[in-house]
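Scrolling down, you'll hit the structures one after another.
Each of the two complexes below includes chain A, the first together with chain B, the second together with chain C.
Entry: the complex of A and B
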């Protein structure tokens, strides 16, 4: 059954999707970019940033968590959806303390890249300037809560061989934050620490084993082309 | 450190990480808080990381990380509590103990804490002290209670107010809580002996016929969402899975509701029978009553009722002599989190995790508790299902309106002479209900709790039913002396800020931003633009994952729609403030001078 396809419609365009795959993945394979932040291809979705929200048969659903179904009609680009997306990015910018010029992730940061891609000017919301800590007590990692967007990527992807979670949430609501397990954090391997930093979409988790500015700002991934370009190239390749 | 006592507790739950809530509740009860050195022990024994244990601990309001006093006072801070004089009660507590709310007295004897609605809106101000409920508090009683604390009396002897009526006076409950049943309908009428449907009806009916009967009755979920009950049971019956579960959702946390408290106090057998009925229909073998921590005082009694039902063969093996009908029920307590009333968050919590709603699909009927098909029904829904099977769907359908059949139990509180629970056929107008409850001079009614709608007298002819004013039952009345924005809307926004799980970006941030705006307006610094923002900003709430997030801006949305004049009279008018920065305009002149065409 795996090589059978079903048909869905995304923005008036019929595309073939694999049964069981999530909308965002089906769209990507067909060169349609739906902005995402908490999502990581191949990792169980969290559905928490809400940026990838689309209308599925008229209802708002996160495309990273909703599996395709035959005949689904999906709308990804209405003005209100675009505004919700920008609004989410703005909310994240005012919620934390994101000083891009001083951040070693600048140019590789997905939040920053989304800000550009979604044409965010100044956030419409007032900056909250919360007092947040930098936790530099770990041998392999630095954790900067100022920049955290609570996407759960570290929670979902950094586990030891026995399946123990090294990262977790603490508290709830407005006070939500990421914590590192005292035992596993101390003994974190270079491999996992590097992976955690790599998976972090922002500069909240930094790996101590590398120099952060080896690639100068200006020559980094999203300095060269907007986020989502890799997906959209697929489409151009198909057309030409 | 002696860790034996912790090990004993963890062992009692089979070192099962999905029973983390029970483990933590026991530790909390034993020590009054969750000491840090218990976390590594629990982690090691259950096979999860310490951070993962703390993730659950720190999510729930009643799990304390610090000693919280030999007597831990949790005083409700809901809107109705405030209306009924909470402020004076709170100040008396502070004067008598010498500490502020959020603190523990220097001698470690008394801790004072705020807590969201504890389900006593018909008898506020109310507090939980070491899990025991104290209602109708006054400064006089607070002085008496604190005096008794200082004398070292057990929590049972702190009060001299006597016990409430009905089962509240039973030795297994002994609570001063009153039932306040103001109006009985077919659900609350004592014309039924627990177990009759199981004993007499089920023998004659196949599970499919039970589902059919419930479907015919057009019963819909009474928790608020209103999903057709028969359909839910059918989905679960059809779902593939060797083991299926029936959950009863008794996590009523919507401020202003308390009907499930009364149902569980006076009709627990009916609730449990409803669960068994659902189990028969769906082919489930295990039932869990997920009940809020605030109702811990009912625990011994509910367990006793379950024990009696087992003795009477209404639970256990071959129930009522029906071969192969095996089903049993246990209680699962929460630990203080409104969001756990959302069914998938409830499941997460029951599995020992933080109460974060799941995304759907898959729905619980396909993949619920421990990944297995699960029905989650409200307390009232299950009671109604039993009566439907007994009296028949025809009978049930004679009550209510065209689109809403049967009755609804309302929890009525606030400014009225007769607060309490009212069982009414669907279809009464708000005016009828205000008349019934003895409410005069009414300025506004909050229908459905903070997540519902605030309506003005212009809408009092609207009808309580699924098509017009749908409600899970909370009905809070405000008279003309109340300051709607300050007393009501602001309180509700604080509630949603406190109770968001924090997962979705809009729900984590927007209520906070709306509260700031509201405070700006209340302080007299608001401008027209602030009202526009209050109208526009909440639109994004509809993309949140769960019902809490989607409705968390409703207090602002509905009050602005129905009480706009209250906002307008508070803002600065006829004055021009800097309302933002127009880039285009700012560079217009310089562009002209240098002959540049702006990109934007």
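Entry: the complex of A and C
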């Protein structure tokens, strides 16, 4: 039985982890929330946002892409890690055009929720106000590049029946954007479009079959409790 | 103890943040015990009459008059607070930031559906009495140093009240999670 689990230390607490699992998942199962944005449980990690950075044996590593190893000592929270994470969220806010008051995803947006959790009051960096367009040419969804944080969730999770990726990146550097494959995009069903909108952490992909602003303010996902509360409740339940 | 003196203004804003300020309800009676207002739309004082302790800024900076008022506030207030999304990131007025200024003017005064016939002489406003419009709408902290930020559209009344109470009394105030929102 013993060799099925390995022991790692997270924030001075010994926990059992399954060999090969990623730090973020092991922590999550044990009620320790590490903030993530591009990561999705059950989906192969991309490591593109860096928000889940933790210290592994004293070195900064992304916890969504680093598998656990016997005896690892991991630090997930410290003032400099919090500040580092906040700075990444701030960079994402100034790099795009994130007009929260006018966004359908507001209140259910993971980028915004991270801002709340990390107590971002105003970004330390200057706003870029980049010129970006909205692609409303597809029948099932609207793609707003102003809000995109390039997490690749849609690329990774939306495949048609034959396994073709429907979303892809195009252009390079600061022009990088999400595009829909002109051929396989025709296979974008209502179901897939709704899933894409749901998986999008921000309001960049909007499913046309639904109305925006349906949930009143005060009842939205992150109105009452910070992101990660569900994970942390797991721990409280275990203790009591 | 001398009452603290507060000044407020709305730059490129909609006065929604000031409305939210009034939403502190009966606590406004407590506030009157704690503070006096100087330059502010609340008492309609147009010019600073003395040095102030706290300045509340609503709205971003979209024209030369906004820059002037904001600099006046920095000069006369010990502590400056940006309140509302517009003051923090430009907000709704900043939607024009990705459109060249000439195009904005032409749409607003020459080719917009409601002005096409009204403006037969095709005039773009250029009277020297009018403030000059800036190339972009700027967040206040990109123009002067801002000490505190209260996000929200509008910032919740509880957030405004808690912050003012803390600044005026010097007491530490715990701000609940639900009151800090960006919308």
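Going forward, the second predicted complex is superposed on the first by the 235 of 240 C-alpha atoms of A that agree within 3 Å, B and C clash if a C-alpha of one lies under 4 Å from a C-alpha of the other, contacts with A are read in each partner's own complex, and residues count from 1 in each chain.
By definition in this document, a residue touches a chain if its C-beta (ideal position, glycine included) is under 8 Å from a C-beta of that chain, and two chains touch if they have at least 3 such contacts.
None of the values given here were measured: they were computed from a predicted structure.
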Partner chain in contact with A:53 - chain B first, chain C second, else both or neither: first
Which superposed partner A:16 touches (first chain B, second chain C, both, neither): neither
First (chain B), second (chain C), both or neither touched by A:233: neither
Chain B versus chain C as contact partner of A:107, first or second or both or neither: second
Which superposed partner A:126 touches (first chain B, second chain C, both, neither): both
Contacts of A:77 with chain B and chain C, given as first, second, both or neither: neither
Contacts of A:170 with chain B and chain C, given as first, second, both or neither: first
Contacts of A:186 with chain B and chain C, given as first, second, both or neither: neither
Partner chain(s) touched by A:95 [first = chain B, second = chain C, both, neither]: first
On chain A, the residue positions that both chain B and chain C contact, one per complex: 121-122, 126
Complex contact set, residues of chain C against chain A: 82, 85, 88-92, 94-95, 97-98, 136, 139, 141-142, 146, 148-151, 153, 177-178, 180-183
Contact set on chain B toward chain A in their complex: 40, 47-52, 54-55, 58-59, 337, 354, 359, 361, 497-506, 508-510, 512-513, 516, 533, 537, 539-540, 542-545, 581, 583
Touching residues on chain A, where the partner in the complex is chain C: 93, 97, 99-103, 106-107, 112, 115-116, 119, 121-123, 126-127, 129-132, 217, 223-226
Sites on chain A touched by chain B in the complex: 45-51, 53, 60, 62, 65-67, 80, 84, 87-88, 91-92, 94-95, 121-122, 124-126, 128, 149-150, 162, 164-176, 179-185
